[in-house]
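What follows is a single structure, written as C-alpha cells, with notes after it.
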Amino acid sequence: MFKEHTLNTTEIIDLIQKNTQIEVKASENSYDASIIVEPKDVLPVMKFLKLSRDLSFKVLSSHTAVHDGEDFKLFWNLLSYEHNLETTIESSVPVVSPQIQSVCKVWKAADWLERESYDLFGIQYIDHPDLRRIMLPEDWIGFPLRKDYQSPEGYQDIENSRSEIDKRFKP
Amino acid sequence: MTSELKTEHITINMGPQHPSTHGVIRFVIKTDGEIIHECDPDVGYLHRGIEKIAESVTWQGFVPFTDRVDYLASMNANWAYCMAVEEMLGTEVPERAEYIRVIAGELNRISSHLVAIGAADMDMGAITPFVQLLREREYINDLLEMICGARLTYNYYSIGGVNYDLPEGFSIKVMGFLDHFEVAVEQMHRLVTYNQIFINRFANVAAVSPEMAMDYNFVGPNLRGSGVKYDVRRNKPYSIYDKLDFEIPIGTASVGTLGDCYDRYFVRVEEIRESVKILRQCLQQIPEGEIQAKVKNAIKPPVGHKYIRTETPRGDTGYFIYSDGKTSPSRLKIRTGSFTGMSIIPELARNIFIADLVAVIGSLDIVAPELDR
Amino acid sequence: MNAYFNNIKNGIQTVFEGMSISLASFFVHPITIQYPEDDISSAEKLKETYKGQLGPMPENYRGILDVDLSICTACQLCVKACPIDCIVIDAVKCDKSKVQGTKSEKPAVKTRTCTRFDIHMGKCMFCALCTLACPTGAIVHTKVFEMNKYQLQDLVLSFVSEEEKEKAIKRDSELKVEAAAEKAAKAAKEAEKTEEEK
Amino acid sequence: MNLLTDTLGMTEFWANVVIMLIVCTIVFAVFALMSGITSWAERRIAGRMQSRYGCNRVGPQGILQFVADAVKLILKEDLIPDGADRFLYKITPYLCLMGVLATLVVLPLGSRAMMVADLNVGVLYFISITSIVVIGILMAGWSSNNKWSLLGGMRSAAQIVSYEIPVAMSLLTPILIAGSLSVGDLLDSQGWLPWEWTAFQTPFSALAFFVFFIGSLAEGNRTPFDLPEAESELVSGFNTEYSGFRFAVFFMAEYGNVFLIGLSTTALFLGGPNLPGFLQGNPFLSVAVMMLKTIFIMFVVIWLRWTLPRFRIDQLMDLSWKYLLPCALIAFFGQSVFMLVAHQIPAITQITSIVVFIVFLLIMIKFIGRIRTNYKEQSIPVGLN
C-alpha cells in the first residue's frame, strides 16, 4: 500500500503548477517545508491536492492560524495515507479583514477546525456551512488567541479578578 | 398509524451532566420517541485555554500542562510535545531514555485503553468489567508511580529525555504484572466483549466507511476500526518503534459491518495485546546509559513552524508549534483525536436509538478535556 | 434461521461464561485499601494484607513540598522553573550560618538568606519541575499527601518565620553597616595612602 | 378467631378485619425487611464481584446500611418539580408499591397454609396484578414533567406489556401439570425432591421455567432489562425527579420486586416449601425451605445484574416476541403432548424428570468447573510489592 519513494516539497510544487497553473512557492523555514499559496488560490489548490492521483491528500490533519504581526498565517497540514506523504500549506490574511475561502467542501474535517479558528482568531471563512463559535459561548466578546487580546473584566455575573490571597501572595 | 396523527419531536439535552458523556459535553438531540433525528454536539465546557497558556510559559514549563490535555494518557501527551521541541532544537535523545519513553508510553496506552473499553462497557450497562478493568489500571498506575512519583499527571518526559531513571527491579515487576494482566484482561473480554448481548449492542451500529473516516480525519483506533491500516508508529516511525516487532490491528467486520462500533472497540482490545508485546520486547532490550541529553536551561528554538504527530491512545495527536525565537512558543496548536472524532457525531447520530448514541460516544473514546483543551 | 439459533446458542453460552467469571471474582479478596485504618506507609504491611497486589508508596512520591532552608541558596531557580508561579522568594545578602545558628551540618554555600520563602500549595500542581531545577536539593517533595485546611490561605506555606526574617534583615543591615564601615576604612586608608604618596 | 370473638366480644366481621390487618402487617413487615436486606445484599454482592468491599460501615458488615438510607431518605425534602402533575406525581409511588404488595396475597411465605388467600384463580390474579406496576411507572414518567422520565416510563410500558405475554404463556405449563389455577394446588403438584419440581419435570417445563424467569426479570426491571432506569442512557429514568420518602417507596418497590421474582419462581417452579413426608406441615421448616430457595433465586437475580450488559429497546422486543414467546408456546404444546403420552405410559414421567435433572446437574458441574478455572486465573499474583 505504501510506496518507497515519497515526493518532496519541490516535486509537489511542480505538480501543482503544472496542473493548475497557479503560482505557489516554497517557504523558507527552519523546520517543516511548506507551500505558500495566495489566499484566493487556496480552494483550487486544495481541491487539486485531494483529487490528484499522484498525491491524493485525502486527510486534513490540522488547520490553524498564527497571529504574526499584521497578518494571520494560516496553516493546513495535509496527509496522504496512500502515498505516505505529508505537507503543509501556508497562506496569510491581514488581521484587519481576515477572510478566506472555506475548505469544508474538500474535507469534512475542516468544518470544526475552521469553526475553532473562527472562534479563537476571528477568521471569517467564506461559504462555511455553519460558522459559529465552538469553544466559547455565543455571546463572548473578542478572539482570545489574538496577541492583542485583553482578558475581559468579567463574563455575565462572573468577575475576573485575583483573590485577596493571591494579591497578598504575589502583589 | 394514520398520517393525520400529529407528532412532535422532543428536544432533549444530553449533558452537560450526564453519566455517559465521558466528561462535560452536551448533545442537543431531537428525537422521535427513541429514535434520534438530529444531534448537535455542544463542546467547550472544559475549554481551559491551554493553547493560550503556552504563549506565556517557558518551553520546559509547558510540559506539565500537556498532562492536562488528555489526563488518561499524560505520558503520551508529554512525549508528543517533548518530541516536537526536541526536533526543533535538534536534540538527540539517549537510547536508554527512548526505551524508557516507550515503556512508559505503552504502559500508559494500556491504561488509557482499559478506561476506554471499561467505559464503553459501562455505557452498555455492564458495570463489573469497568471496575475490574480499572483495578488493572490501578496496577499500571502503581507502576508508573514507581518511576515518576505521580499517578495521573506524570510530567515524566522532559525535553531531551526523561526526568527519572527506572527504579531497581522495575522490569521484573512489570513482567510479573504482565503475566497477571494478560490472563485477567482476557477474562474480562470473555465476561463482556464476547457476550452476545454486548455484541448485539455494538455490531452494525454507526458504521464509518474508510472514505468517511479519512474525510473526517479519524485517527488512531477509530481510523483503524474503519479498516485503514495507518499507524504513525509504523508509517512514520519515531523513537525506537522501527526496531520493535508489533502488528497494527484493524477492523475486520467480524460480527457486523466494517467500521461499526464493535470494530472500533475491538481494535482497542487488540492494541492492548500489541502493547503487551512491545513492553516485553523493550524490557528485554533496554540498554544502560544516560537518560537525559544536555539541554540548555533557557531554550529558544529559531523562528519557524513544526507539526509533529505521535500515536497516542486516542490516535494521531498533532502538535503544531510556531516559534518566534523567544522563550515561549508563539503559537501552539494541539490537534487531538477526540476533536476530530467528535465532529462526526452529527452525521452518525441520525436515525439511531438514544441508546446507540451512548454506544457511539463510548466507541469513539472521547475524552472531554482533550476535546476542548 | 441459522443465525436465529446461533444467536440463542451464543447468548446462552456467553451468559453462562460471564456468570462463572463474575462468581469467581466474588471469591477473590477485595483490593480496596480502607484508607485511614489500613496502614499504607510500610511496604511490608501492604504485602501482608494484599499479597503483592499493591505497590508501596515509591521513594520519589510527589507529595507536598518541603524546603531545607539551611542548604537553600536563594538562587531563585525554582521560581523560574515553576510554570504557575506558586513559589515566592525574597532574599537578602548575609552570612547564613550566623543567622540560622549552627544546626546544619552542611556549610552555607553562599551568603544569601531567604527572608521569605512561600509556596502556595493550593496552586501547586505537583509537577516536580522545581525539585528538578534545584541545584542543592533544598526543595523536595515529601511523602505527605494529607493537607486538609479550613481556609485557603492556610495552604500558603511559609518556610521563613517572622523571627528569622527579622534576624536576617538585622544581620543584613549589620553586614551593610560593617561593609560600609569597612569601605569607609578602606577609603580612609586609601586616602591616607594617596596623601602619603603626595 | 375464636379468641377474638369469644373474649373480646367482637362480631365475626370485625374479627376478620382485625385478623386481616394483622396478616397484612406481617406480610408488609416481611416484605419491607426483605427489600431492605436485598438492597444491602445487592451492594455487598456487587462489591465483592468488583474486588471491593461494598457497604461495611453501619453496623456489623454494614447490615444496618438500609436503615440509615431509609432514615436519610425520609428526612429529605420531598421535592415536586415545577410543572409536574402534582396529584399523579404524589400518588404514583404508592401505586407502584401497591402493585408489588398485592401480588404477595397469593404467594406463600411458607407452606400452603401460610398464604394470605389461596384464591382458586391465584395464578391469573398474579399475572394480572403485576401489570399495575406499569401504570405506576408510566404515571411517574409522565407526571414528572421531565423528558428523560417520560422516555423511561414509555420504555417501561412497552417492555412490561410485551413481557406479560411470554410470562403468562409459560405459566400455562405448570397449570397443565397441576390442573388448577390455584397456587396452593400448584405447590401440591410438586414433590420435595428436585426432580419432582415443576422446573425439572419435563424438558418442556424446564423451558417454561427458563422463559418465566427471564420474563419476570424483565417485568421487575432488572438488568439486563433495566431500560426504564438505564442510568447510562436515561440518567435514572422514571424516578429521576423523585426524592425523599417517595423515592424510598420506589426503591422499596424495586427491591420488593426482586423478592417477588424469587418467591414466585420458587412457588411456581421450584417446589415451594415442600418437605419430605414425615416433616410435612412443620411451619418453621417450610418457611426456612421457602426462604432458602427464594434467597438463592434472589442471589441469581443480583448476580445476573452485575454480569450482563443491557439490551437495547428493539432487541428487548425481539427477545420477547421472537424468542421467548415461541419458546413458551413450544413448552405449552410440548407439555400437552407429553402429558397425553404419559397418560398411556405412566412410567415415562418419572424417567423424564430424572433425566432432565441429571442433565441439569451435568451442566452445573461444568459450570462449577468454569468457576474454578476462572478463580484460579484471577488469583495469579501481580507481584508489585
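Order as written gives the chain letters A, B, C and D; numbering starts at 1 within each chain.
Criterion: a residue touches a chain if its C-beta (ideal position, glycine included) is under 8 Å from a C-beta of that chain, and two chains touch if they have at least 3 such contacts.
Just so you know, these numbers come straight off a predicted model, no measurement behind them.
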Third chains touching both subunit B and subunit A: C
Most widely separated chain from subunit C, with each centre as the mean of CA atoms: D
Inter-centroid spacing, subunit D versus subunit C (mean Cα positions, whole Å): 58
Cα-centroid distance, subunit B relative to subunit D, in whole angstrom: 43
Approximate Å spacing (C-alpha centroids) for the pair subunit A, subunit C: 41
Subunit B and subunit C: spacing of chain centres that average the CA atoms, whole Å: 31
For subunit C, residues that touch 2 or more chains besides their own: 15, 17-18, 21-22, 25, 31, 53-55
Where subunit B touches two or more other chains, by residue: 128, 132, 135, 139, 142-143, 173, 187, 191-192, 195, 197
Multi-chain contact residues (two or more partners), subunit D: 49-52, 306-308, 374, 377-378, 381-384
Chains that touch, pairwise: A-B, A-C, B-C, B-D, C-D
List of subunit C residues in touch with subunit A within their complex: 85, 88, 118, 120, 122, 152-153, 156
Complex contact set, residues of subunit C against subunit B: 7, 10-11, 14-15, 17-18, 21-22, 25, 31, 53-55, 58-62, 80-83, 125-129, 132, 141
Contact set on subunit C toward subunit D in their complex: 4, 8, 15-28, 30-32, 34, 43, 46-47, 50-56
Interfacial residue positions of subunit A with respect to subunit C in the complex: 163, 165-166, 168-170
Residue numbers on subunit B that touch subunit D, as the complex places them: 10, 12, 18-20, 33-34, 121-128, 131-132, 135, 139, 142-143, 172-173, 176-177, 179-180, 183-184, 187, 191-192, 195, 197-198, 200-201, 353-356, 358
